[in-house]
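Pasting a structure below so you can have a look.
Labels for the chains are A, B, C and D, by order of writing; each one numbers its residues from 1.
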């Protein structure tokens, strides 16, 4: 193997750059030429390639976002799109491709292998943490700390006033971030897509806590469960006092990655190159305990992570 | 003088605790008894008082919010309310009152003096920075750094995607936070209550920058000028691509105060006690350059801070 | 079971408070009375006990250090000391004890069980991460992020000057923090107790990198391998230019815990109470992958973590 | 005026990049060509120049250090060195020079004007804050927050143990950082070069506080007053218990600049270009209150800032 490529795709996640750095530097150390594909699968179709040398990835580990940029590419979801991509790969003599991204991106990688026998290795990077067989995805830890810090600031002001604060966080299909953020900040309520919300019960609980002397409440809601405005409307009507809203939005995708995410990304980058060199493809690098293992991409994608309902109960018990 | 009291009132601001600490500890060192009034003017009317000793304010400098809690008190806006408050003050033998808060709180302090000759000294604490004759108010610097950090995180992800990001920040009547945050982060546009917004022109500028290669834009809007949703609706229609919204809300009021805010608050607390001891009342402590001075409360309140239009232009020139 | 106790012992670690909170709140929810033991084993011997209610542990999750305080207790290392401790436990009707600490503290817990049949459950909390059978100990993640942030700041100034910077970090017997911090910051060299250092070779490498254009170097050294001053003396002599020293010291033990450490601590606290209720004692709660398990204390302590030599090589390869 | 140059010199300070950005972008907007001089005065002598376009300074505001790099240049301290520099400036048709740095750098700028009539404007940037006539220098606010955060972390662990912690901070001739950091963190003692230290008295005070129940002490010492080790030796002998040392070193020079430093730097950069365009040279831009003014460089340098002894006393009174 002489030439490999690396791309980032889908929603960006902090740590993607560290993974790119590891693929490039470790690849070069193994005698490979490493190509960066810009703008994810769009760049793959267009042949938007750039050779990445050792120095080109200096000082990027600490940066949020991705220096390769990313995109959501509709064309690649079609057979024609993927065929164009495969042609570019072959035309440029690329013998292996590392795909860094979430569910959609990894599905795309698998199809490239299945339809065109492109040797692909996936690296799970998505703040949703909704990919199976790996304990963690790149970006989750940073995202969670960002949300935690924001909620912690809210708590300062919440203790000074008598109000309910509603924080909307990321998570279209997964309540992972909401649950974990609620747990580590002691939020009074956590609303996630996986568990139906009962506003009457929620309002009763807030009123009950208020009677016992608690003067403020923080409610964390995953965007996929409800919007902060919906929650506010339901609650204000029932509890009879003001709520205040925070919508963190894409702030949650940014920030310099935490030590955990950097380490995860650097190791996964190295492991992905090793997998390509070993000829073990159509796999995703996964963290299991303290070990990095290779799992079939489709097996990872079909093993859906579910929310830890015991942890959900504990979060409410400890709040 | 043997006994003084201190209260925090209105919207809370990071650094209020440091000011309370300084009033208590410096007061005690000067041989005074110091009373903490809980829940601002509401507590003053109700006589919700607590004696504060040296140790009671240990470890509070670094905390956001206010340990005395705060409130917006409608009753105190009436003559009857203020009379009740004055009675409590006299009943408890309190000979001087330090009021820490923003415009409304300081107005209240002045009226207490005017109507009932209560010796008051004000300390300007409000993240709006809309009080005259002082270079800075307590809390502004921390708030600004919080907003800056959030926008900086947005920039990470903005550079990875092709989108416009709209961030709504505090400022009902003042665009100070929006302007300064936009300046220090290089935001593409800043919308403030003091300067009318022309959405056509704004859209044109974003499209023009896009033509010159810029793939993302960050627009900061003060809540008093427009809501993030209004801006989004206006822009999406004109620029033809997606926007993403962040509403920081009360997160901006929290956080451990910066060194600047702690220093400002500690010095102002000391100066307030000195003013009471000197018998110089109905004044507000103000920062002018590197000096702390005493200015008549009403003069400070009637000298409205206006937005620095040259700085507004510079912010756009440098972005 | 009606009454349990909890103590923190040895060097403090961020997250200890979150563990205490979980033991108290989850314990109370299970109908238990929970006693806090102050100053670790010293307080156990002296009977320095305090009943902890639900509200007593409000707002402590985010605090560094430990509200119960800690100590290194020589007396408890003797049979007589442990006998006194066991008497206190029995005298107060305490039926289970949760010990939160590192190697020495857990050894003490085991001896309490072995010698006096006190039902103990251990929670591993030490920034050294040198306890076996658990993927992580409480405090490590926060410590690592603190070190990473400091080194990141050094890199800013290192890029502006032509100098070598030496950073001494914690780790008397374990190079874990040094290795991980070096990996995630791309340090030029990492010196750990587990691997002998060859200063000639190190100096050659720095001079070689300098010839290739690199104008600065960061060397991270675990305190157990050498002092920063020793490294400086060896290097300055050989490379012929100035070095600058940073000794982070106990700054590394402080700070508000990261999301990871909070979650780890909260879950371990809950699991420890469950173990006591199940009557499964002389065990330590361990994180293995995404699961919390119970392992015999002595098995955990006798399974020494060794440094990951492959990771050590990768750190140098990617720097 | 058609062509100007900008350089950073001496010890680096967070915010230097923001000043460079403002000089470049505002200069270009005014129709000027802007040259960056690399490595401070060394680069000026060697002609190490690079044309800086609008885009070249994108994304640098948030970076610590200086993209132009800096140096301490012995040659420039000689008349011959400055003559060589003046020749380079004239040879390249540079009609104005902005010098960003501390005392030595600004002295050099003044001599360039005095000896060779080079139109120079200075911008005060040094974490020592030892330049007269300006309320603040670029970098001080960031440095102070870094020190404050480190001490705050120490306090976490200090509260858990019974020990004295000694923190050595920057300040060869000025105790400004030590004083302010001690003030805002409530340190038990502050040792500065401007005020002689009496170790007996210091030890007595620590022992006295201990008797009153305080179990820990934090002592902040400016490097110019004593080394942390010297303080430790003096204290351990007298107080009879262990001390722990932290030496922050160059960590204090790094970090992303605070909002205050960014704003200061951006405005000073703009003002420097305006001064050059107005033909007002041999001046330094200074912050006085909320205004930026031009002061003669030598007047600023000869007006030494002294430590605020009242503030020093207050710091000890409030601790």
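By definition in this document, a contact is a pair of C-beta atoms (placed from the backbone, for glycine too) under 8 Å apart; a residue touches a chain by one contact, two chains touch by 3 or more.
The model shown is predicted, which means the values in this text are computed figures rather than measured ones.
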Note to self: Taking contact as defined at the start, I'd like the list of chains shared as neighbours by subunit C and subunit D.
What the structure shows: none
Item checked: Most widely separated chain from subunit D, with each centre as the mean of CA atoms -> A
Notebook entry, point to check: What is the distance, in whole Å, between the centres of subunit B and subunit C, each centre taken as the mean of its C-alpha atoms?
Noted result: 39
Check: Quick one: subunit A and subunit B, Cα centre-to-centre, how many Å?
Finding: 35
Notebook entry, point to check: So, what's the distance in Å between the C-alpha centres of subunit C and subunit A?
Noted result: 28
Checklist line | For subunit A, residues contacting two or more additional chains | finding: 152, 155
Next item on the list: Let me know each pair of chains that touch one another.
Entry: A-B, A-C, B-D, C-D
Next item on the list: Provide the residue numbers of subunit D that touch subunit B in the complex, in ascending order.
Entry: 18, 21-22, 25-26, 29, 59, 61-62, 135, 141, 144-145, 148, 152, 155, 180-181, 183-186, 256, 258-260, 262-263, 266-267, 270, 288-290, 311, 314, 317-318
Check: Which of the residues in subunit D come into contact with subunit C in the complex?
Finding: 8, 12, 14, 63-66, 69-71, 146, 150, 152-162, 165, 215, 244-255
